[in-house]
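What follows is a set of structures to go through.
In the two assemblies presented below, chain A is common to both, partnered first by chain B and then by chain C.
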Partner chain A sequence: MTEFVTGGNSPHINTLRNIILKWAPLFVLASLVLLFPIFEWLEDFWRGKDHFYLIDSRFFSIRNASRIAVAATPGLMIAIGVTFIIIMGSIDLSMEGTVSVSAVIFAFVFIALGGTLAGWAWLAIPIALVVGGIMGFINGFIHVMFRVPSFMVSLAMGFVGTGFALVLTGGDRIRVEDELFRSLLTVRWLNFPIMCYVAMLALLVAWFIQSRTTIGRNFYAVGGGEELAIASGLNVSRVRIMGFTLAGIFFALGALMAVGRIGIAETATGNNFMFISITAVVVGGTALWGGIGGVLNTLVGVLIVNVINNGMVVIGLPNWLQDGVLGVLVITAVVLSTNRKTISFVK
Partner chain B sequence: MSFIKKFIEAETFSRRNFLLASAYGISGAAAMRMFGPSPIMAAEYNDPTIAWSYRNRTNPYWNEIVSGGEAFVESLGKSKGFLTHLINEGSSEKSLADVKALLAKTNGELALAIDTNDAPNARPVVEACVDAGAYVSTLWNKTDDLHPWDFGDHYVSHMSWSDEGPAEQTARILLEAIGGKGGVVHLGGIASNNPAIERLNGLKNALKDYPDVELLDAQPADWDTQKANQVMQGFITRYGDEISGVHCANDTIGYGVLEALRAEGMDVPIVTYDGNPQAVDLVAEGKILATVFTNPHWGGGITASLAYHAAVGHFKPSEEPHEHREFYGPTIFITPDDALEFKANYLENVPTYDWTDFWGPSNGQIMYK
Partner chain C sequence: MSFKFLKPYFPWITLVMLTIIVGIANPGFFSPAGMIILIADIVPLLIMALGMTFAIYIGGIDLSVQQIANMITVITTVYLAQFGIWVVFIVIGVGALFGTLSGYVTTRFYVPSFVSTLAIGFVALSVAKWLSGQRALYMDATFRDNSFGWVFGKTWGIPHELIIAVVLVLLVWFLQTRMSFGRALKAVGSGELAAVASGLNVNRVKILAFCVSGIFAAIAGLMFSVKLSGGDAQLANGFLLPAIVAVLVGGTPLTGGVGGVINTVCGTLIVMVIRAAMVYLEVDATQQQMVFGIILIIAITLTIDRSKLRGIVK
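On to the complex of A and B.
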């Protein structure tokens, strides 16, 4: 957890505020995990049923933990991708289109090459990752070469991706029914499906890139102060393009997880991931103007979002309240993480 | 320059009609109610233009509707291209403007099938057609106070679907399958959508006859597979083995539910709605207990056919009973027993319909609440 404020650009690194900021996401997550069982306890209490807090909780159980983990996996991959971009102080909104295109191309290639991981169809996995990488590269290239703001380029590329996926599928769904591929979901080690371990591995790789490689440190350099980075002789354009490409690859990984989870690739595979991933990154404590945060923050953020989604249904609150609560959380997180003394104006 | 001349002639003609109609509208609106048919002569046309006005073709549902319209035109021995397409792209204003333009162009010699995009737009469209002497049949959208029989022959028919009845039927199939006791959950569409409301009501109606079954929970899943998957996971945590059946608002939701159940190794009967090809396959495999098919192909063809056959005088709409003027579209239930037969008959080969059997597959007169 020492990596939480890696490369932070605040001069007062150990002030109380910074300590709170560093641990707030984890604190929120822990509180939520302990909060939902209270509602369950209350409900059973009113009904006059015996209920020992936490022990009898349906929410606070290993089975439910694995459900939350499964629900979180695709979102985690996508949020990790966008974390790199947000650390650089840019934004990538192309995830929905990139996920749909990668998912659909993966499914087409997978079926065309025999439809089972035991044969040549495994090639579909690297191909999908390359497709994601290409989409990301185009984002970064246009952003840097034509000096178009990243949110505009990526939003537009997202629409292009969704449209392209629709053209490819003609609105149809493609079922991926290979037992071996679906074992991502159906086979469990220690109560958790394989896809959760794959996601942990990907998180480890992302953490390694972020903290143990030059490119990872360069992301922080660009986000922490671009002028300074340029003055130090850093090729910022190259760093940005590499960042967007890396994000695209993680989006494609998210697409694979999404297909693994429901066994269907379609244009709608990417739906809703924009809101979930950006929310997760911000709630996890990565600052929108760059330089602060990291993939471990994102893990906590993704878990917060999914614990809320799951917990709301478990305690029987109406669905529309979930979006509202998440919205309030996003604003709270941004307000908390904004150091108003160092920012002169907001546009 | 003849086209300009024609256009001016058409314009003057339609303006004259319009003036006549408005003059009549002021003086004789009450009289119309008493004497029935419109005073503009119920002209019968030899070869009216046939048009379909709809949202667009990229939506699979509307694509089916329009392909039915084309099949009907072909059954008349004409080419597909004979059908005029008015595409409103979801704009009521464009829908009305296009209809008026086509009325002017065809001098009212028009058989129009239309979904007016929203209910309030149906009245101006129908009135424009009636005033110009064209024949119009509507699908889906109209207000409850607008009735074909108030316009004599020119407003031929209206067809819609009520999802409440069919959703109640699938619910009954589900409730029978779980032995009439236990708990069920419902995963709905976008909460404010009319079909989503009707489909949940259908389940509630069926539950009245099964006092031992509890509706554990009903949450919107926004017609979305992934959302449905997550909501179902929440339901499984909250209710676990109390869930003995799942009622889904459509097929797409059903796919997400099936995968959530599969991840838990649970085997619980589910019913869905819409009759998508993939859902039909799952019904055949016994993974879905039942789904409902509303046959948009037939709906699109028969709506055009009704307008056309009224326009050429093959039947006189005003002599038909009310249940032939406003009626529900067909619903076909698909269960494991007949899924393969259904697939062969409806999905792999589109059946050749008798487009003069106007009301055979329909489902009774529309009832208002």
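On to the complex of A and C.
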């Protein structure tokens, strides 16, 4: 819902502004990682305790890094999904509903098929992914076929999804206690739980889709200039629907991670993912206008969001501050990534 | 009698037909006493939807209304003892502040309204959590009755809530149709570039629209808080969906420019009738959200003005 006027910088030209924008998220992440230990050092210095900067930090430790990684994993999957959409210049706000539905259906099927990954219950995983994909497909289909702005379709679909999950569960929580499935969280390699490695694998797949497949390049083509994409013969409608479907699959993956992390599937499984994932994508440097950024940016963005949340707790700031800080952060990120010379107004 | 001619009347036709259907199935629906209770129950939603109408009328959206209402329930509960009825001014002031902030960020910083209002909503959530200490707060019954007891009274059988609603509707109707601000809103909603070209201060109009939305969300929060005699950071959750549904079902499309507050009154009544029907049909409460979500998708699809989207729908 943005109107552009012609002219201005292309994101692919290496002006100083574009170079700064490209590296800013990584710079912010590094600064944050170095910043929080300073507060810890100051606190101990105040109390007269011995504290060697970074070495004695509770924040800057493997244990805390693993904690951040675990907290970030479900959000990372969801943010990767929405990255594809934002690259196309659209937006998907349905993640809360899609995650809840996928999580609940996963749990039902998992338990119905025996309740252990060692048996047939592994089928619940592909089924959950298919459910996510279907939700995404419906999203994309309505968006493209009825020509309705994506933010509104997906917002409504999110409500439908949460409502559907509520109908399925009747408000109950479903426990998934299979040891093998929970080993996602409980088994650690090199201090990090398996789910972090699964997430890295998913990130790799997403990166491959984004940069080494036709559909991935088409996302950028649509986001970079839709008229041009249409003029060059691209079936934009198909690309959009595929994008939303792909996003749905990644949302479902996020749902699996969320269930693996808590061991419970419920209507509230998807809560709060919408704002956090959008914030992460935008903060990572994928512009809302589409065409720039990618899944690696999203990794940085997710880490920034989680480092802030975690760091604020470690240095003892009250947790009510987090929502507000994220709110300010997302506005700042959008403002910084917007080239005001090329935009006349937004809705 | 072409489709185009009929289109503006669709919401009203829908409302009448729904009412008749529900009434035939359940004749008790038409009892004046029951009807008045139903309508009085929906007043906070109506107020929130009235404000939201302004944001949607200019082609934007305000996703912060629910969080603002949440925050206001906390503010009302915390400051009622100290300020009594004058807490109304704090409520309106805070609502105006947050709405203006959303508008300012949207227009001056070019942040699309769905992101800016979402973000401002989370700032409001922070404030609510901070003020409430993340607990559910309750009002002192005497303070509440002294200051706001009259809201729940009746004059000649008409609940005062309803009178408040009518006064507010008249106010926004006047604002929309009889003041230059209303005409400016129409201009911005119909075509922003044309409005800019004709020398209108579009940014100011848009900021004001979000400001009105914030104020009404705040008043809705106040009503809600007084009604439930308390406040917490999640009290008004679940209001966003029906509020958007009420505006869109009433016939103000996402693209803005047509419709308006009277349409929203109609939309809110439709929401009310649907809810009453669901209660009568014994549709489980858990299904309401799904039903309204689907209604929302249908309403958007039917009302949106595709000629304004200029070929590309993002």
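Please note the rule applied: the second predicted complex is superposed on the first by the 336 of 347 C-alpha atoms of A that agree within 3 Å, B and C clash if a C-alpha of one lies under 4 Å from a C-alpha of the other, contacts with A are read in each partner's own complex, and residues count from 1 in each chain.
The definition used in the following text is that a contact is a pair of C-beta atoms (placed from the backbone, for glycine too) under 8 Å apart; a residue touches a chain by one contact, two chains touch by 3 or more.
This is a predicted model, so every value here is computed, not measured.
Colleague: When the two structures are laid over each other on chain A, do chain B and chain C clash or fit?
Modeller: Partners clash after overlay.
Colleague: Have a look and say if chain B or chain C is in touch with more residues of chain A.
Modeller: Counting contacted residues of chain A, the larger count belongs to C.
Colleague: In the overlay, answer first, second, both or neither for which of chain B and chain C A:Phe275 touches.
Modeller: Only chain C is touched by A:Phe275; chain B is not.
Colleague: Name the contact category of A:Lys22: first (chain B only), second (chain C only), both, or neither.
Modeller: In the superposed model, A:Lys22 contacts neither chain B nor chain C.
Colleague: Quick one: is A:Pro318 in contact with chain B, with chain C, with both, or with neither? Answer first, second, both or neither.
Modeller: In the superposition, A:Pro318 touches chain B and chain C alike.
Colleague: Which partner chains sit in contact with A:Ser90 here, chain B, chain C, both or neither? Use first/second/both/neither.
Modeller: So A:Ser90 only meets chain C here.
Colleague: Kindly classify A:Gly171 by the partners it touches after superposition: chain B alone (first), chain C alone (second), both, or neither?
Modeller: The answer is both, since A:Gly171 touches chain B and chain C.
Colleague: With the two complexes superposed on chain A, say which partner A:Gly263 touches: chain B (first), chain C (second), both, or neither.
Modeller: first
Colleague: Thinking of the overlay built on chain A, is A:Phe146 touched by chain B (first), by chain C (second), by both, or by neither?
Modeller: In the superposition, A:Phe146 contacts chain C only.
Colleague: Answer with first, second, both or neither: which of chain B and chain C does A:Ala71 touch in the superposed model?
Modeller: After superposing on A, A:Ala71 lies in contact with chain B but is clear of chain C.
Colleague: Just name the clashing stretch of chain C against chain B, choosing from 116-124, 134-142, 170-178 or 296-304.
Modeller: With chain A aligned, chain C clashes with chain B through residues 134-142.
Colleague: Output the chain A positions appearing in both contact lists, the one against chain B and the one against chain C.
Modeller: The overlap between the chain B and chain C interfaces on chain A comprises residues 166, 171, 318-320.
Colleague: Per the contact definition, I'd like the list of chain A residues that touch chain C in the complex.
Modeller: Touching chain C from chain A are residues 1-3, 89-91, 93, 142-144, 146-153, 155-164, 166-167, 170-171, 226-227, 275, 278, 282, 288, 290, 318-328, 330-331, 334-335, 338, 340, 343-347.
Colleague: Residues of chain A touching chain B in their complex?
Modeller: 58-59, 61, 63-64, 67, 70-71, 166, 171, 173, 175, 185-186, 193, 258, 261-264, 266, 268-269, 271-272, 309-310, 312-316, 318-320
Colleague: Name, in rising order, each residue of chain B that touches chain A in their complex.
Modeller: 58, 60, 191, 217, 219-220, 224-227, 229-231, 233-238, 240, 252, 255-256, 259, 262-263, 278
Colleague: Residue numbers of chain C touching chain A in their complex, please.
Modeller: 58-61, 63, 105-107, 109-116, 118-123, 125-127, 129-130, 134, 192-193, 196, 202, 241, 244, 254, 284, 286-294, 296-297, 300-301, 304, 306, 309, 312-314
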